[in-house]
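Note that the chains take the letters A, B, C, D and E in the order they are written out, and that residue 1 is the start of every chain.
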Amino acid sequence: MELFLMTLVTGIMVGGIYALIALGWVVIYKCSGVLNLAMGELTLIGAYVSWWLYSTGIPFVVCVFLTIIIGIILGILTERIFLDRLIGQPLLSVIMVTVGLSFFFRGTAMFIWGPSTKTFHPPVFPQESIHVGMLSITPVFFWSFLVVIGLLIALVAFFKYTRWGLSMQATADDETAALSLGVSVRFVYAASWSIAFITAGIGGALLANINGLNINIAHLGLVVLPAVIFGGLNSIPGAIVGGIVIGILENMTGTYLTQIVPGGIKTIVPFIFLVIFMMFRPHGLWGWVRIERV
Amino acid sequence: MDQNGSILNIQNIEVRYHEVILALKGVSVSVQRGRVVALLGANGAGKSTTLKAVSGLLATEDGKVTDGSIEYEGRRIHNSHAADIAKQGIIQVIEGRKVFEHLSVEDNLKVGAHLRKSGSVKDGLDLVYHYFPRLYDKRGETAGFISGGEQQMLVVGRALMTEPKLLLLDEPSMGLAPMLIQEIFSIIHKLNEEEKITILLVEQNAKLALTVSSYAYILENGRIVMDDYSDKLWENEDIKDFYLGLSDKGGKSFRNIKHYKRKKRWLT
Amino acid sequence: MSRVWLPCGHYHQSYAKDQGWWQTPVIKLKMLLLLGIVLLGVPLLLPGYWVGVCTIIGYTAMGALGVQLLIGYTELITLGHGAFIAVGAYTSTMLVLHFPWPEVLVDLGLAYPLSIVVAGLFAGIWSVIFGLPTIRVKGFYFILTTIAAQFITVDLILTQYVSKIGGRAQSIKIPSDAAKIGPWTMSGDVKPYLLMAVLLILMVMVTANLLRTKRGRAWMAIRDNDVAASTMGINVFYHKLLAFFVAGAMAGVAGAFWVSNTSAMSPEHFPWFLSLKLVGVILIGGIGSIHGAILGAAFWVLVGEFLQMGVLPLADYWPNVLMSFTFLKTAFFGLIICAFLNFEPHGLAYRWWQIKNYFNLWPFSY
Amino acid sequence: QAEEIKIGGIMDTSGATSDVGKDYATGMVDAINWINDHGGVNGKTIDYTWFDYGYRVPEAQTKYSMLKRMGVVAVMGWGTADTEALSTTVMEDQIPYISASYSAHLTDPKDSRYNVFAMADYSTAARAALTAWYDKKWPKHPDYGERKPRLGCFYMFASPYCSAPIEALKDQARILGFKIGPDQDVSLTALDTKSQIMAMKKFDPDVVWHGNTSMSAAATVKDAKALDLDATWILNIWAFNDNLHRLAGKAAEGVMGAAPCAEFGQDFKNMDMLENAAKEYHPGTPLEERFKPTVQAWANALILWEALKRADEAGEITGETILKEGFESMDGYEIGLGAAPVSFSSEDHRPTGKVRVQEWKDGSFDTVEVVDLKKRWPKKWADEWLGY
Amino acid sequence: MLQTSGSSQSTPLLQLKDVHMQFGRLAALSNIDLTVRKGEIYSIIGPNGAGKTVMMNCINGLYRPQQGDIYFKGSRINHLRPYHRANLGISRTFQKIELFGGMSVMDNIRLGRHIYLRSGVLSGSFFLGKAKREEIETRRIIEEEIIDLLEIQHIRDKTVGMLPYGEQKRVELGRALAMDPELLILDEPLAGLNLEEVEDMVRFIMDVNQEERWRVTCILVEHDMGVVMDISDRVYVMSFGRQITEGTPAEVQQDPEVIKAYLGEEDIYATRK
């Protein structure tokens, strides 16, 4: 029982981290229909920037705040430099640009900060776990979970209640039509990338606090893909639920299945599960259903 | 037609797609403030292209105005960003019923209100629902699932939400039931009269187009081949023959059409 | 999403062209010239290193051709094609090393060629398995299945189970005489290159032919509009699976070819990045065009090589920063991809089409 | 103008393992420069050309063939997959290939004659570390003598590096009389390993092997502490370095590992040489950012230097003479740097059976024991353990 | 104007019996009964959103009605998938053009002949034997019968996505005809065409309906009353998913309910201001 509970809680906590990164992914998809394959690198940049600021002696909270601002600037720059000309071009090209961006970001970050493993010194969060009953939770995870919930509320509200929120979704649906109504697609792109950079920045800063940071953080950008798909590519709550479900699933497999089927099964089971799940819900939990009407 | 008082002035534009396909070969159109101007022509003549050149949407199809100029209220606007053009009040209703398929009907309309001050969104909705009660019934439905004609109403309604100054309508009546066609033209008429919206209209139903417009251009193969006041065109024999179908002695039936083939173009 | 309709099908401008490969003498000459360059020019004139690079280009192109078929012609977005290359590579390795071939076949040097065929078939079938979800899952959601293919095949099955067959874990040693075709052992630079060239030419031919017959058209129809395709009497699901089979088989052959070019097979030859790269290759080359796959592969590999070459001389002047330059290289590579897609969003093949069109219209552009 | 000896390098400074690969590559450049500035190879200078292959096997292959084309007589390599992929080729080309992958698979000359490296292979190191624990720690355990000690393993099943020594480790555990628990799969990029720790707790191990690199090792060690898993941790070579305590903090206390060579800056023979070279040739990189891979690079460079000198003295420098007159004539050659003396023969490319095992204690690495497997199990060493 | 070839026109080709189709709470079709006889032009009209397109989708299998039966040539086809029904001889055009945008006009029309091609993958791969012969034959049929009929020679090598709307409509008709269908469903073939094009299109429809080569039965969904009243043999009027009336054009035109729900009082095609 204890093992089960611990696995569950670990799953939820790790899932929270996944959700954080998945959010950025979903926002970009929701606004431009683009799968952002550079999400891991955005996280990497966020992590490095906040680490770098912190290492100059700025308090962590301020670091995160500054990271957010830098994220917004980077988001706008990314749109201006790399995506502006691609408005109206085939989606796949845009997706490939995100692959190019991933190289670019990674290379640049490594050029600036070097590839060796970095740690927050002194540690921002206490290294000791909090004990709740028989459970034990690492503080960083706890905080990131709270951040995820906060972002969830903020983003859902943004998309539901603001003019831009709606227009951004419209853009993803039909760019040309949105343009014809005066929705500035460049702004939408810039905004969505900024939001993605923000979530990645926060996510990266927290993530770097867990096991330090090096190039491998970028790897997480893909690990969250099942989470995004599970929730439905354009659903914000879906990203969160997806992240958590995948987190739990991974950990449950890790705990109960690895003994029976040895070998890397932990990261693979979510995929197998998802392939089956999609046979019943081809658009994830709450993704837009493909409209096939003639 | 005199150039003064014209809100939109297209001068001798040339448009290319993909840098190699020449779609417009020198088209000049001038639209007077507060008027309805119609653009007629066979398929492929370049009507939609002309509208897209004005609204800036050409860019999304890899098209470009390579020569000539488009002026709106004295400012050159060709090849500027579509969103910027829209902000100046030029709104195009694109052909092909491009609704936001995944959004609800009402959300579609709300996106149309993107450029409006937020307070007046409700007024806009009321106006659209007033003109198209059918949309009111369907307001909660996902736009991708409503019928073709309803989608057509939706794109026209959505354009109205923007409070346009110059409305570029690309085949507004396409796919609408007869009753609605009458309706939509009376709406166009009203918009022009009451809301003082200038309209550049592309329409295949030449009779109706000439009815509501005060001036019209005939486009063939990327060139303007004729332009005149609508009343005059109405009397023109060629127009009667090719666009209005009135020249035949009464009682012509589509059944007998096969017995004669006509092929005439002004200039090719 | 707005779409720009570009010609991404297959063209035959005249009635006669429909019937065969080389219609006019000019085309015939051009094709022969090309064949000459590929089969004789490259191996005889280029230094060995560059022959090796060409081999890599060809290997990449073989993989990319299958991806082109799936993404460019059937719009089944795959991010896991490396898995099928891996399946081919392992099938061939296993067959060559462990299959009890009759002596005669081994002596005649037929074991390896046969293993290529089997590898193709097997990879094709394997690929079909992962194509099955297309019956319900579409669009970007489908890519999850393909990524699953990558992880299940490479990270689970090959790494955990297959690699352990034959003793040493993880990596299977391939003796240099294992890949033998007839009397020739595939070693050195030139022989693998020639094998690659022959296989690639064959694949291009098959793809081109398929695309201009019933099946290929059905694929393109599914790509452009699957609802309409089904009302044309096209069994959409079957054709998607068929596309998977053909693409998988081509990947399998590419993988089997790789056996001749390496001396140990390990799952690390087929990382997920390989799958991603193949998609990059066709995007750069141009979606929906066969020569796009080849041009893209050449671009991708050569840019990497030239960047590498460009860094080398700097080492003499600036040894301190050379290390950091490798990152600039990565960044620069990313920039090139971005810049390329910004200025050529439809790929190299599209520019080719534009130039052709321009010259068609040239003296009289009206 | 003195004669030049062409040496190639295939390094990862931008790929998945660049966090350690860059340091290794830097150290290698230092070492070669230093060699050239200190007499070279009997007066001949080394012309060292290296490429970054981004940890991608096909690239390593083209890079290798480019180096071959340039006429190199030996190659400094990096990862396991690429080294193994090239092992037959280098054997045919007779180009010694000195890798940073210490995979035991490369030590059997029957399969890979031209592969060499300067330190105890992964398997030997793992055996030694476990033995050291058994010798020094187990007797202090309250249950000593009452039951068998228990061993659990954490590693990423899918990674060649991580799973390479597992078989040997378990073999050693059986020899020493351990009870072996179920393995736990931990990804190289794991964030949280609490559930694996919980599962492992059921088995209640006395000693746990962690086979990944420092990041995931730090994660497991931290979680183990949080969940009171009371066992000694033994880490694999690429995890047991200065990063560990930086990442894991207090949890790193008492963690053991094989140290086939010293940390950068530790007080061992020849270490001053490294520090001076680092300052001289890469002044831009502060010494604090240099760590173990630099030392490992030096060790490889130094044995190559020795091999080159021996080959040169024996006559001509070619790949074949470097291997035969150079490496395979070494018997107890001292590298310093905390590494054991190395010997190679034409039947056996295991550099040494002697491994220093250390633990992290009160802010420094303390030596627990130097285990000499070759001496302790001479028969098994000679007959059974080669190549796995 | 009815009954040109008496006997064949009385054989029912398609029958819908009590068809019912529901989307969520919306009943898009309820209690639909209709019979299309061989050889006729059967028009379906009704206000926007009446359910005409839904009905067409049910006939060719894109939708499956929840209730009721569909018979084609006497056999029940409810369970068949669209591609299967295409094989039986049902072909259609779409309201919002659904061409294969990235392919040439020729290839689009060739796709229409998909069901007649029999060659396998292997012979296709090497373009030998059967595949080659078939391709040439297909080419001939298309060139001589369809392209010629529809007068689209000049655009046959163009990519359809680039064509203007009117020509796309024509290509779509060509594609549907290439299937040599027995039943041709035309969903608003005239929308967005100008008078001249309408006349052309009507001529094509009449041709394929009446010429010996084709003899295709047509279901025509259209809002252009001038055309519908002139060329249809029978007209079916629906609104809100239900039948209002059915009959000859003349009968329907007079029906007060039809006028109220659909036609409106004015004759918009004749009057001005």
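The rule is short, and it goes like this: contacts are C-beta pairs under 8 Å (C-beta built on N, C-alpha and C of every residue); 3 or more make two chains touch, one makes a residue touch a chain.
Because the structure is a prediction, the values reported are computed rather than measured.
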**Report entry** Third chains touching both chain E and chain D
**Finding:** A, C
Requested in this report: Just tell me the minimum hop count from chain A to chain C, counting one hop per pair of touching chains.
Outcome: 1
**Report entry** Between chain C and chain D, the fewest steps along chains that touch one another
**Finding:** 1
Query raised in the report: So which chain is the furthest away from chain E, centre to centre on CA atoms?
Result: D
Query - Label of the chain whose CA centroid is most distant from the centroid of chain C - result: B
Query raised in the report: Could you state the distance in Å from the CA-based centre of chain B to that of chain D?
Result: 74
Report task. Return the distance between the CA-based centres of chain B and chain C, expressed in whole Å. Result -> 47
**Report entry** Whole-Å gap separating chain A and chain B, where each centre is the average of the chain's CA atoms
**Finding:** 43
Query raised in the report: Do you know which chain E residues sit against two or more other chains?
Result: 53, 62, 94-96, 98, 162
**Report entry** In chain B, residues with contacts to at least two other chains
**Finding:** 21, 60-62, 145
Requested in this report: Give the residues of chain C that touch two or more other chains, as numbers and ranges in rising order.
Outcome: 2-4, 6, 155-156, 159-160, 227-228, 327, 329-330
Query - Contact footprint of chain B on chain A as seen in their complex - result: 87-88, 163, 166-167, 169-170, 173-187, 288-289, 291, 293
**Report entry** Parts of chain E lying in touch with chain B, wherever the complex brings them together
**Finding:** 1, 23, 46-51, 53, 95-96, 162-167, 188, 191-197, 199, 202-203, 206-207, 223, 225-227, 230-231, 262-264, 266, 268-270, 272-273
Query raised in the report: For chain A, which residues are in contact with chain C within the complex?
Result: 29, 33, 35, 37, 82, 85-86, 88-94, 96-97, 99-108, 110-111, 114-115, 172-176, 222, 225-226, 229, 233, 262-265, 267-268, 271-272, 274-275, 278-279, 282-284, 287, 290, 292, 294
**Report entry** chain A-facing residues of chain C, complex
**Finding:** 1-4, 71, 77, 133, 136-141, 143-145, 147-148, 151-152, 155-156, 159-161, 226-228, 272, 276, 279-280, 283-284, 287, 324, 327-338, 340-343, 345-346
Query raised in the report: Taking the complex as given, what residues does chain D use to touch chain C?
Result: 13-14, 22, 25-26, 29, 33, 49, 51-52, 54, 56-59, 61-63, 65-66, 69, 79-82, 84-89, 92, 105, 111, 157-158, 160, 163-164, 167, 281-284, 387-388
